[in-house]
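Got some structures for you, see below.
In the two assemblies presented below, subunit A is common to both, partnered first by subunit B and then by subunit C.
Right, the complex of A and B next:
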């Protein structure tokens, strides 16, 4: 099982649910890695869904594990891409053509869901209308509050900013506009005193 | 009175200083000998003559130097002033509110002459004489919110109202108690307050939001908030925390009275007419502990408040490590006598410190 129960946290921290088939003219599903499991389940729950679904999938380190199963669902459109960044132009183009009645489903890591949600909300879909389901890694996208650079796939707390090199602790404070958590210098008051890193949620 | 504007700094050599006038009118935030969160709102319809509550936008001796400090912060980090595209109208609303208020409240310092949309603004302390067309951005050197808040003390959060919530969609933030506009812009009321401990569970934000959603035009509200800052540093931003955080470790028993400052925010809330946005000015007043304790009542009270503050709040406000040092200093100004209710200094009626 690839799901993780996040402990309760502050109100800016996103919470994730369980994707459910919803009535709609068309369905946009964006997932990475183990997020495919949520899509496979959706298809099993509603056999009519796939004929109206456009799936955008980034396998990441799961390789071919889920791609043939997704193909077998016979969605209206399926894109399997090498990275989220590579998929963004296609996602934007698809959202440009979207009409009323589009349902958006996000599944996978927080970084993927957060960035895809930003694209969808920029296109005019309210964030509260978008379904999400977490699967896979608990790594985070973190913005350094000091240099503003974003470090992807942060698993350790504290960690070193990949842009300015400061040692940052990872807050639960989250910005949908940046699709990122906040990283703040951990040794500002005692330079050089950086505690040993631990894995998030370990 | 005519204000004598100080030439002073809020960084580096820290020449900031409060005159006796500024000490006497300081907005001391504690109305009793202890502190806990509350929705401490009241109408912002003036106050005692000479107090910081009297005018809609208080101007004091620090005005010109604070505006220089703001310009310096913005030159180093333009992200401290941002406005999402739908907030320009609210920016014009704010510009109008401030220009009208200041020219009416301080006619010797500010003038506004209006002929239809042809406006003429004179800001004497800053030496600004600007003719522009109201609602035409091309006639001002900055967007309307940035233009007027470069000339007005205090931070400004401009909140859009929709979906029964307030959204921080624009702001000018250079004198903040450690929060980032760049990170929080676009968040709703509960989201940008998310890191505050305890207050959510106490229902503070639900009640505060309900109040703020109903603030009406012409009926502004206000409250005080506070924290502690080492050195009179206005820009205690998270952006620069890796630079200023270390200053917290420079306190000693000898310098705590001069270096440790009580930082008070006079927060006001005005409904804006065209946009229906809510503007939330957050005006920062700083005072050194040695000046606080020059008022006997405030010395007694501050000692008790800081000594008894719950650990969670002292941690959130960022002075938990320095609290013993601060309490030790303040204890010398607390003789155990009772204090009069309310925030006012009551210098004429409260007894001097007993030996």
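Right, the complex of A and C next:
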């Protein structure tokens, strides 16, 4: 199973649910890697859904594992791309042309869901109306609060900022505006005194 | 006691008949000090001294929210009602002194919206008049769909279409014109918020259609003031004040408490805001809930009542007030 139960944390930390089919004439699904499992389940729950769905999928390290299954769902539109960044212009264009009533479903890693959520809310959908379901890696997208650089796929805590090199403690404090967790220098008072890194949620 | 709101002494400066049913009132501050600015959608509670009876009715402000020299309201005459609107129409004259509450907004614009889609029915136009002035001043994107009975009864329809051609769409019932709601809602760009004010049937129609089309609940705003319904008189024991009061046929429970000198909280007096929610200590009989604040399970539980609009029929009712 590719799901993970995040332990309860501070209010700022996003929580994820379970996607369910909703009313609407138009549906947009954005997923990466094992997030495809949530879409396959949605399609099984509501046979009418796929004919009005636009799927944007980034397989990542799952390769071809899910793509043929997604194709077999015969969605109205399916895009399979190499990275989230590569898919952003397509996503923005879709949201620009979309009308109210569009349902957005996000599934997969936190980084993918957070960034796609930011696009959808910027386009005008209230964040509380967007469904999410976590699958796959628990890696985080983290902003260094000092240099503002963002490091993707952070698995270790503390870790070294990929931009300025500071040793960062990974907080649960999350920014919807940046779609990133906050990383704070862990050895500012006593430079060099850095605890050993541990894998997130290990 | 209205929660957190002080009162303002005002003088009626103009009384203008808008059409057969609607009259407009303009209030200027009696002491000459500037009135507070407000936000579009706000209402004030107007105190009416009708002989021995004090009536308190909420009316949406329709003037420019930034205009601190005067507030304007429009009142639709309700011949079947409990008398507040008739009092305004027949008794209130220029020069009269009245008390109004500070403005309270339960129907504010969500300024995160990229577009404001307003749907009005009849006298439900009034909050939109202020909202449109607010939006026009900041070059906001809005569209008004206004349904009224006939050109003669279409309050402010001409002014609105003249001032905002292309943004204001008026539908007259007597010409068999009706809002094509599904097409209207289907075509709205992402980031649109709906605001609906009018009769209950219209509000439900818009909310149900929006929900069926997948609109987020957060993007659908509505306001409906309920007038307290008349009903059979009933007796209430107020446990905290240690008083037994009788609620008259044309009196609301809240008004009866106030008449007995009990300082009960309120804000909208129309079953919308939740401020007057009161705990029930004991009862033998049945509640007649009229508000749209309590959830259905609260209404069924027999533990809560909104005294501004709801009533009771039965032997005993004891409230925690």
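Here is the rule we use: the second predicted complex is superposed on the first by the 202 of 202 C-alpha atoms of A that agree within 3 Å, B and C clash if a C-alpha of one lies under 4 Å from a C-alpha of the other, contacts with A are read in each partner's own complex, and residues count from 1 in each chain.
Definition applied: a residue touches a chain if its C-beta (ideal position, glycine included) is under 8 Å from a C-beta of that chain, and two chains touch if they have at least 3 such contacts.
Remember, it's a predicted structure, so these values are computed and weren't measured experimentally.
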| item | value |
| --- | --- |
| Fit or clash - subunit C, subunit B, common subunit A | fit |
| Partner chain in contact with A:196 - subunit B first, subunit C second, else both or neither | neither |
| Centroid geometry (CA): angle subunit B/subunit A/subunit C, rounded to a multiple of 10 degrees | 60 |
| First (subunit B), second (subunit C), both or neither touched by A:178 | first |
| First, second, both or neither for A:25, with subunit B first and subunit C second | second |
| Contact breadth on subunit A, by residue count: subunit C or subunit B | B |
| Which superposed partner A:129 touches (first subunit B, second subunit C, both, neither) | second |
| Subunit B versus subunit C as contact partner of A:146, first or second or both or neither | first |
| First, second, both or neither for A:103, with subunit B first and subunit C second | second |
| After superposition on chain A, the shortest CA separation from subunit B to subunit C (Å) | 5 |
| Contact footprint of subunit A on subunit C as seen in their complex | 113-114, 185-192, 211-219 |
| Residues of subunit A touching subunit B in the complex | 10-13, 143, 145-146, 148, 166, 171-173, 175-178, 182, 184-185, 188-191 |
| Subunit C partner contacts - residues on subunit A that touch it in the complex | 22-26, 95, 98-103, 123-126, 128-129 |
| Partner subunit A, residues of subunit B touching it in the complex | 79, 180, 182-187, 190-195, 200, 238-246, 248-249, 321 |
